[in-house]
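Should a chain be cited, it is by its letter among A, B, C and D, assigned in written order, with residues numbered from 1 in that chain.
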Amino acid sequence: MQTKDIAALARLPLGDQLIAVRRMLHRHAEPGWCEINTATLVARLLAEYGLEVRLGAEVIDGQARMGVPDPAVLETYHAAAIAAGADPQIAGRLRGGYTGVVGILRGSAPGPTLAFRFDLDANMGSESKEAEHPPVRGGFASIHDGVHHNCGHDGHTSIGLGLARRLAAEKDRLRGEIRLIFQPAEEGLRGAAAMVAAGVLKDVDHFFGIHIGVQALKLGEIITGYDDILGSTKLDVEFFGRASHAAISPHLGRNAVAAACQATLAYLAIPRHGDGDTRVNVGLISGGDSRNAIPSRARISLELRSDKKDALAFLEHRAQKITEGIATANEVTFEIRRMGESRPASSDRELSELIGSIAGGIAGVTDIRGHVAFKGSDDAAEMMLAVQEAGGKAVYVGLGSALGAEHHNPRFDFEEAVMPIGVDLLFGAARTLCGPK
Amino acid sequence: MQTKDIAALARLPLGDQLIAVRRMLHRHAEPGWCEINTATLVARLLAEYGLEVRLGAEVIDGQARMGVPDPAVLETYHAAAIAAGADPQIAGRLRGGYTGVVGILRGSAPGPTLAFRFDLDANMGSESKEAEHPPVRGGFASIHDGVHHNCGHDGHTSIGLGLARRLAAEKDRLRGEIRLIFQPAEEGLRGAAAMVAAGVLKDVDHFFGIHIGVQALKLGEIITGYDDILGSTKLDVEFFGRASHAAISPHLGRNAVAAACQATLAYLAIPRHGDGDTRVNVGLISGGDSRNAIPSRARISLELRSDKKDALAFLEHRAQKITEGIATANEVTFEIRRMGESRPASSDRELSELIGSIAGGIAGVTDIRGHVAFKGSDDAAEMMLAVQEAGGKAVYVGLGSALGAEHHNPRFDFEEAVMPIGVDLLFGAARTLCGPK
Amino acid sequence: MQTKDIAALARLPLGDQLIAVRRMLHRHAEPGWCEINTATLVARLLAEYGLEVRLGAEVIDGQARMGVPDPAVLETYHAAAIAAGADPQIAGRLRGGYTGVVGILRGSAPGPTLAFRFDLDANMGSESKEAEHPPVRGGFASIHDGVHHNCGHDGHTSIGLGLARRLAAEKDRLRGEIRLIFQPAEEGLRGAAAMVAAGVLKDVDHFFGIHIGVQALKLGEIITGYDDILGSTKLDVEFFGRASHAAISPHLGRNAVAAACQATLAYLAIPRHGDGDTRVNVGLISGGDSRNAIPSRARISLELRSDKKDALAFLEHRAQKITEGIATANEVTFEIRRMGESRPASSDRELSELIGSIAGGIAGVTDIRGHVAFKGSDDAAEMMLAVQEAGGKAVYVGLGSALGAEHHNPRFDFEEAVMPIGVDLLFGAARTLCGPK
Amino acid sequence: MQTKDIAALARLPLGDQLIAVRRMLHRHAEPGWCEINTATLVARLLAEYGLEVRLGAEVIDGQARMGVPDPAVLETYHAAAIAAGADPQIAGRLRGGYTGVVGILRGSAPGPTLAFRFDLDANMGSESKEAEHPPVRGGFASIHDGVHHNCGHDGHTSIGLGLARRLAAEKDRLRGEIRLIFQPAEEGLRGAAAMVAAGVLKDVDHFFGIHIGVQALKLGEIITGYDDILGSTKLDVEFFGRASHAAISPHLGRNAVAAACQATLAYLAIPRHGDGDTRVNVGLISGGDSRNAIPSRARISLELRSDKKDALAFLEHRAQKITEGIATANEVTFEIRRMGESRPASSDRELSELIGSIAGGIAGVTDIRGHVAFKGSDDAAEMMLAVQEAGGKAVYVGLGSALGAEHHNPRFDFEEAVMPIGVDLLFGAARTLCGPK
């Protein structure tokens, strides 16, 4: 249940608040564009701390969203959030796939504009039910079967709310403007572009993104700025054939499953690229009508990634030709749908050096490492590029933690002690840039 | 709704009854092992005509069933049948995957034992929603989305009930014993073996199966006995791999979807057999965890067929080796489950000649053709073999009808005028064999 | 060495001649369109027996030939034949892929026109070198490495020459015209169409083809007429890609070997046809430039077969679409070349009954069987169809023999005692049809 | 023809000698282990300059050679070299796959031991015949069809011989020992290990390798030391199945070509590795017996590469499992043969800094770049590792040149003006390390 007494939550000792919020979110795990309960809690706490709150269609451009689930799915999560005590009025503004929130804190004097981005969504995937899995042991395992905070966004959001509290307390001594961006649908790279398109990064001078436990698996490690966040394109490919009786007239069928299998293997065999690191995955496949009919339909969820723009374009070009060709070979038709996307990006040295210098003064920080390849994707990259292309600086920071298992694994879990470190680090950066001159 | 007034239904002119029953069944289409509404209606009409009725575990050997759906699915159809007015007591005996019914009519004098078999189940597959599709136009399209009487079993069952009525009316003039076997789960070849194992074909001298519209697409055609009913083995193959992050650690994954795709293409490429006609189909595939994870799981529904026992064994041997090998190649594990099965069979000439001679005297019969290859499978073959192996004779008869589209197609439909021809033909056979000497 | 003394050969006892000729041909095995030594020997013996001999471009339409080897290959065999003592003048007329011969015997009175066809060519494939292989033991194993009479054409040709001798001896008592057609390049179905196009079957009333050891594996068995000789289309498919350094710039390559492998597996997975028996084989593949380059080139030898014209057309249509599509998918180009072809055909009952009645009176015949499926291909079918389409009758006869191993196997061998039976049977047919009324 | 007058060649102006030697070698291109003509010329020039010459089994460990061609191939090139004027006595010592040469120059005082390595072999692949291709225009295109110096080793060897000349002239002023290693069979990574095993790098303190035109495509560029030379494993995979008649008994065959195609596609789809850059190529495929037989045999040339030892081991592990599994799936057997191999290696900074400082003083050098990824493989890496593991230092240097087309392309060519720069650079390094203190 979402707490009714938001004020009490907001007055817990900060460390306790970080844990309490993280566990509430973990328990009520919501997938991308469905984060009604999560975003209402965020909005209420931001308001409680006195930040100006914008949300829903104010911060999400509906046309720029990708991979929005079916309305029925959106409604299911809306209903579950309401049932769990989410504020109906706020929920109403988030409903239908508009689950973004931005908290704005305006300083008392002119100064730079900062943006901190936190992602809200859980991921599809079942959580471990083993007794020793800490969320099970702690009683905050996901209540939504098949949805799991297996990427630490519950921690990211809790850090963002902790940062809001620290900034609010310091408000009078800050210059400029600070935006805390709570983004839906990071998984699948579906949400950032819609917030960029809504203008939430307009005039931002310094952008900060974070992630827990990526290439930094020890509490106390800080990666001051990742490079080579992989660009990625998420495509759904569907083949449409013709069913026929598998024994009487197999020759009259046009086999969509055969096409999907050939395409899958051909996608996986797209050659490496000489000038960029690449990744190809077919994460999901489904197809067919019944055991005894030539299959008329099949669908594939494809994912392409690279650290280089040209190599990513090469992957997409190859995927396009493979799809076309395999369709021809099987005399089926096809449809390719763009379900998510972000481009490769890297951190600016200027900001990563700032992070490094602040990290040195934070209790609990034991290791500070420079530019490290991210090796995964995060559509924070789209926000970084939006800021960088407008002349600002961006950094994407790593917060070390041991993990229960790797990201996206049923046993994923992180050390909650990473959260206060994250708050301190980001608060330190804000104060350095926006504090009194 | 299932009619409350069974007596009124039983007293309609026979032609009207055939249509009324067929449409009730078509509308309330139920998949294999779920035919609660269908079988309760059958049982009530058989009883109404005075036949001895056996059903449920009396006629179904629970251990010999194949491909029984999950309990939740069985319960859904039970509940829907009850809601539609099915007799709760009868339904209770059919519940849990025991949806067979046998009506027995004992003649007034010693004589041969005859068995007529009718299949009850609808098939998975969506029915056409086009206005010109006769069940839509007639208001009896399937109420269960994704389940459709697209193979004519509604007609077969209605013919069986018409035959019951004719036989009951003639009862005093018949010798021997006549069994009307209403079998669940023909689709997937899942039900016949369980009725054979329960003994319903014990001591049968003459066995009759029928099918509408197979190789006979003109009303008035009769195929006096099919040969080479294809044997078939239905296998579910599941691969179990290991998930991992598709960008950070693709090398740690073990890709179950890649295995399933390779296996699918290899099954389809199993060579033709020099000494038997063969068929291979992968009707369904599904797999994966999420777009951005190496897939840990995938499942395939495979179907193998042949008109020759050795060729069918060859297909299964090849499928086994392919599965093993592809699992090794991908370092995944696998499970093969037998979901349905029947062997190749052919009609006995003695009975097909009998059918031919009777057909000649039936109104509306315009063409009589001899032994024709069936080209499909029907687990009636298991019943035929059970009878033949015990020294009896068996025949599988074709009733001609134009079709709305081929079997298993969303627009499948048949001419209802075929039903009285079927009743006349089978009744003629019974009277010839069991009538007064 | 080809004998110099043809007269001596022609005067051996017939049984000895059959063996001597067969062994000469077996030893000097020549592949299709290269049968210079074989055809010169045939021409000389026919002339020796007083038949009118036509050969080379008289009986071969150069434009209608398929799958003619490279000129260098043709020349190699020409040179080898000359070296072995082949008549240079005759060889000159056969040179360059014109290795057909027809011997014509005109009867003393008007009568029907008969044609008997014998194939000349050996096959690609190495002959067993095992000591117990009869040609090794007998010292007549193939002198041409990789070329082997592994299909019995040496026997067929020897029978044809034995028949010539018998007919010549009977010449004065025969009516009509008898043509003995010695055809090159049966393997690969490359030669018959060129002889049909040259008119050698013009006005033929009765056509006879033979094969040793097909579905008849016992000396003394006669199959009076095969049905369902499989039609077949032989295609060479070549893919042209782009080479690139496999490590530095794999993305710049266009992989012709990947295309060939995908196409091969897709050809093999062309579905069975509901209305015809089908076969698909990729017998040969080769491709690539070097281990460390993305392969720019690959070639496949494909073979499609069916007993039904429509099913064969379906196979070719599917192969065409697969080739197109796979080329698109890999961004390579392709070329499809027709290397051989013949259509499905069956024997006429009238002639097979004649054969049956004659066989009954021949010494050594122990079993006479009626119409049997051929299960393989022979371009005699093209000749049969040419005769049948012009209103004549055709039959394709089986001569039983135990085999050392199946056709096309390195250990293939047949019983030489089958040859006099073949001669007697064909001579009997000729005498029955053309003998004195 | 190899020049008879070696003394004249040795007295040409150095620039002319470099070009003359390079063109002789280019013209008489010889593949790995067959470099009889090349190595005899090298040995004669080294001797002419007064170096101590070791060759043949003195510098090649026969057991450690990989991928040695068939004896017939070796003999062909031996004969061609003799015919071209190669010294028969030297050739005799190189014959049979022992084509390495080492020239040793001992300084006048104690000092460090240096080794410079040059590769001798041309590559399989046809050279462009276009008139504008410089070797065609210049009349020095390869005389051996299908063998082409398409990787610049002719230039490397000519540089090595130029270096010998410069060092010989300076001999009295040098300390220590300098070994000029001329290695056969770099293509395929087949030769270096055999020279290492023969001890030619024993006690070497400083090792230098070179390559023309890799990541440096402008004359005057110097890459002072490559990093991440890709390790590579070259495997030949052969599948052994069972032939059968493709129409009569396809089910009796065991299809080795199907196995090879499935394996090829599976190798290409080996996933990327999270902790290393990888490459997979199937460069060559061949298989089958004849068009109309199920193929009993197929062979694949596979190449695996990575910049990380563990990732390379992963590739080989996956290739092994794929091969095993695909063999099982097709019921064929297999054999994997190791045809070449070298491990990943990188240059030592100490030596690359030395190269950088020398390059700065060389005429014609316009760009000096630091550590650059090599992106290809060279078994110089095995020599580097042998030196590094024994405590020495190694560097692999890039010499910039525009290219006619990329390496291994039929139109590959380089600018001959790169050769004097290479000589100056290596001579500078030798003088710096071994010159008077």
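By our rule, a contact is a pair of C-beta atoms (placed from the backbone, for glycine too) under 8 Å apart; a residue touches a chain by one contact, two chains touch by 3 or more.
The model shown is predicted, which means the values in this text are computed figures rather than measured ones.
Student: Moving only to chains each one touches, count the minimum steps from chain A until you reach chain C.
Tutor: 1
Student: Compare the CA centroid of chain A with every other chain's and tell me the farthest one.
Tutor: So the chain farthest away from chain A turns out to be C.
Student: Could you give the separation in Å between the centres of chain A and chain D, each centre being the mean of its C-alpha atoms?
Tutor: Once rounded, the distance between the two centres reads 48 Å.
Student: Where the centres are mean C-alpha positions, what is the separation of chain B from chain D, in Å?
Tutor: Chain B and chain D have C-alpha centres separated by 68 Å.
Student: Provide the list of chain D residues touching at least two other chains, using ranges where the numbers run on.
Tutor: In chain D, the residues touching two or more other chains are 245, 247-250, 255, 258, 262, 265, 268-269, 271-272, 274, 279, 294, 375.
Student: Of all residues in chain B, which touch chain A in the complex?
Tutor: Contacts found on chain B: 123-125, 187-188, 214, 230, 232, 234, 243-250, 252, 255, 257-258, 260-262, 264-265, 268, 279, 281-295, 298, 301-303, 305, 339, 375-377, 406-409.
Student: So in the complex, which bits of chain C are touching chain B?
Tutor: On the chain C side, the touching residues are 265, 268-269, 271-272, 274, 277-280, 375.
Student: Can you tell me which positions in chain B touch chain D when the two form their complex?
Tutor: Within the complex, chain B touches chain D at residues 245, 247-253, 255, 258, 262, 266, 269, 271-275, 294, 311, 314, 321-331.
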